[in-house]
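Each of the next two complexes has chain A plus one more chain, namely chain B in the first and chain C in the second.
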Partner chain A sequence: MEVLSWDGTLSSRDFQAAARVFAENWKQFNPALPPWTWVPCLKQPSRLSQEQGYLSLEKICLLGSNKEDEQEDVDEEEPEPVDNATLIESAGPQVCYYDFHIVYSDSYRVPVLYFRGYYIDGQPLAWDEIEKDLPACSSKVLLESKWTFITQEEHPHLNRPWYKLHPCGTSEWMKLLFLGDESLATNGVAVEQYLVSWLSVVGQVVGLRIPFDMLNHHKSCN
Partner chain B sequence: MDMEAQRFLWEGAIPLQIHLHESEVTTLPSPPPALILAPRLGYLPLLASHLKPYFSTALPPGVDTIWFDYKGLPLKWYIPTGVLFDLLCAEPERPWNLTVHFRGYPGNILIPCEGEDSIKWNFINSLKEAAYIINGNCKNVMNMSQPDQVELWRSVLNGNLDSYRRVSSKLKLEAVGEMNSSSPRSRLSMGEVDVSGQVKPGRVPVRLYVWNVSEDFDDLEDAPPVDSWDKVSYINRPVEIQEGRCFTLHDAVKSLLPDYFVVKSLGTAESLTVVGDDEQRVSSEDASDDKKAEEEVETSSDDHVKASYEHEEPEIKLVRIQGIEPKLEIPFSWVANNLMHPEHFLHISVYLKVRQVNNTMS
Partner chain C sequence: MSTTKSLTATKKVVIHLRATGDAPMLKQAKFKIPVMDKFAKVIDFLRRQLHRDTLFVYVNSAFSPNPDELVMDLYNNFGFDGKLVVNYACSMAWG
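Up next is the complex of A and B:
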């Protein structure tokens, strides 16, 4: 695919292919972290179905006051570079979990991030609790665009309220992201790289970070 | 779009008989139900301004969050009232008996509703999504002036079609299927378009609600009530109208349900594309697989139980849009242009009879 003529979207088939590659690479580069798994969702068992589904990363532990541990399990004590800009004081040391799902939107033809937070006993986190866990930059955007940035909506496959990052600008910034990449200008858009690039941006909104090794690996493969 | 048809839709309303939930009644005798005419294109919590004063004296003290249920099923406020009625009342019930609650919001099932603002933004975000589907971007909606945005929402809130037309025309959301989009739309019947075979390709924003019925019933009156949202599959996927061929409502519904309906021939496969070129290729492959499968069924037709499980298509019991049950042979572009909601989505309710393995036969 030519980068210049590309509109920043991907087809549902490409999403499925990209999802598999992404999950594999995540496992390879983050062996200590929980894996992203592909959850198939069939409306009806059928051997003919194109496999619809979504990527899921569940039970990611957030240790209240420590913003930098978002991707790690409780017993993971890996030192992380501290970025003061994203450090927010949290009320207490209560353990919360987050589930992240990457769902394909047929309307926008891009991946969409859905998430929810809950206490160790399964009790869902109230929005103001979740807000405390979000990086400072997100809190600012939230103030300005309450209804068009993160809202609670029905999870397309689970029929329950989840938080959703609005996808209406995704194709545009994905195009910009890929345009700025020199290796792509010569080799074209690689579907496999879509999700890692996408999550490197979207993840920042919720404090979910991708190791640099993983981003670089994708580039060197190209 | 047919102006007359649109006016008809905008005037559509459902008579409701609303009962206050017994757990919230603190007076004797309990208040009589409220009778109210709810616009089809509206949203249930918008009735709060009428219902709250009506029931206020009977309510216990506390904080109010309005929500509704029908036969125990909490109603999703972000689905337009008319669509809820079409989907949940197999046999239209008039007046429609709903229960209103002001306490105990079921936050695990319904997304929270912070009054009119939530509903307005749900509407605007849907409109944005529709614009993206139609034009490939949502700039026109994003760049709407504040007064226009307010006027657009007010027009929907108050059912003011003239004001809606004035503002929404600025969004440049063209109708689909009509070859010459600059021609006057007034009385261009889709029949003519079909005869010439000149159908403009396009993506149509569709929200499809599929109620999977396993019980058999001949009469809609005998249909079991929908007692859980888990029985309703919600499909939010645009329908792609292909160029040059008559594409019917039936084709559209089937294209949205690839898990249920297998593609019969390569010819149909091309028109069933939902997402893109890659999908088309897959549909064709599926189709050839299916041919093989059908042959298998024929050769082993004695083995009835097995065959029916593997290969029988479900039966479309009912397709309802805006309270109408259109013929499935109707051109889809006509349906899309004339029966869409103000946020440019076509909401389709489908009852699907899914055949199950009958154990008693084996």
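Up next is the complex of A and C:
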């Protein structure tokens, strides 16, 4: 694909190819985090010959600002035997998990980041609780940006409401990103590069980072 | 010309700001920044100069750096000749 005439989108097949490469490289260069896994779906088995699916990264603890519970209640004045129920009630900052899914949008022809937050017991986080876990610069600016704003809607493959970064600006900024790279302009759009570049933008909203090594590896392969 | 020098904490990097898309060009498109500063400072500088809160900022490798990244690390990965090119575009209006 020539960059100048490229519209910033990719096909479903290319998305799957990019997802495979992305997941492999993430495992190699981001060993501190769990790997992305491909989750196949049988949404439209008859219409399309290829399987559908999405990338999944689950049970991530975001290092957002913790609530300022000083845990003053939990001290040595309680000689009673340990009671799990009491411990949970008087515990400090709650541990929250986040699930991230990268789902292909047929209508926009770009990947879309879906995410949700929940407590250990599975209870979903409300939006104002999630906002506290997002990076400081993210919640102030990126959420109001025309390029990246968040909506809530039903996950395309799971019947539950998830939050998603709306994809309407994606093709525009993906095209800008690739235009800025001389080697890509010369050699054409590298499908394997797509998700790395994409997540470098989208990840800023939710606090996922691309290690430089991973980016450099992609580039040296192209 | 010059041997490749590794940046120490006291050095500065020249940031070369490049307007892309329909973003306005800046009168002052180059400035120096200490290598130990975070990329957030570059973004803030752009925001103040352009009087806009929402910008799309990226470097010449199809990559948008996290604001928490150190300028030094960005230079080592994406810079050359003592300078780092930072591209910016303005948000589109909803239509």
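We take it that the second predicted complex is superposed on the first by the 177 of 222 C-alpha atoms of A that agree within 3 Å, B and C clash if a C-alpha of one lies under 4 Å from a C-alpha of the other, contacts with A are read in each partner's own complex, and residues count from 1 in each chain.
Convention: a residue touches a chain if its C-beta (ideal position, glycine included) is under 8 Å from a C-beta of that chain, and two chains touch if they have at least 3 such contacts.
Fair warning: this is a prediction, and the values are worked out from it, not measured in the lab.
Looking at the shared chain after the overlay, A:Asn216 reaches chain C, while chain B stays out of its contact range.
Once chain A of one complex is fitted onto chain A of the other, the partner contacts of A:Ser107 are limited to chain B, with no touch recorded for chain C. Touch criterion met: A:Val201 reaches chain C, while chain B stays clear of it. In the superposed pair of complexes, A:Asp181 makes contact with chain C only, with no contact to chain B. When the two structures are aligned on the shared chain, A:Asp14 is found in touch with chain B, with no touch to chain C.
The contact surfaces that chain B and chain C form on chain A in the two complexes overlap at residues 147, 172. Taken in their complex, chain B has these residues touching chain A: 76, 78, 107-112, 117, 121, 124-125, 128-129, 132-133, 136-138, 142, 205, 210, 229-230, 233-238, 257-260, 262, 274-279, 282, 286, 289-290, 314, 354. Interface residues of chain A, counted against chain C in their complex, comprise 135, 137, 141-142, 144-147, 169, 172-173, 176-182, 184, 193, 196-197, 200-201, 203-204, 209-210, 212, 215-216, 219. Interface residues of chain C facing chain A in the complex, by the touch rule stated above, are 20-21, 40, 43, 53-54, 56, 58-68, 73, 77, 87, 89, 91-94.
Of all residues in chain A, those touching chain B in their complex are 7, 11-14, 42-44, 46, 48-50, 52, 106-109, 124, 147-148, 151-154, 156, 159-161, 166, 168, 172.
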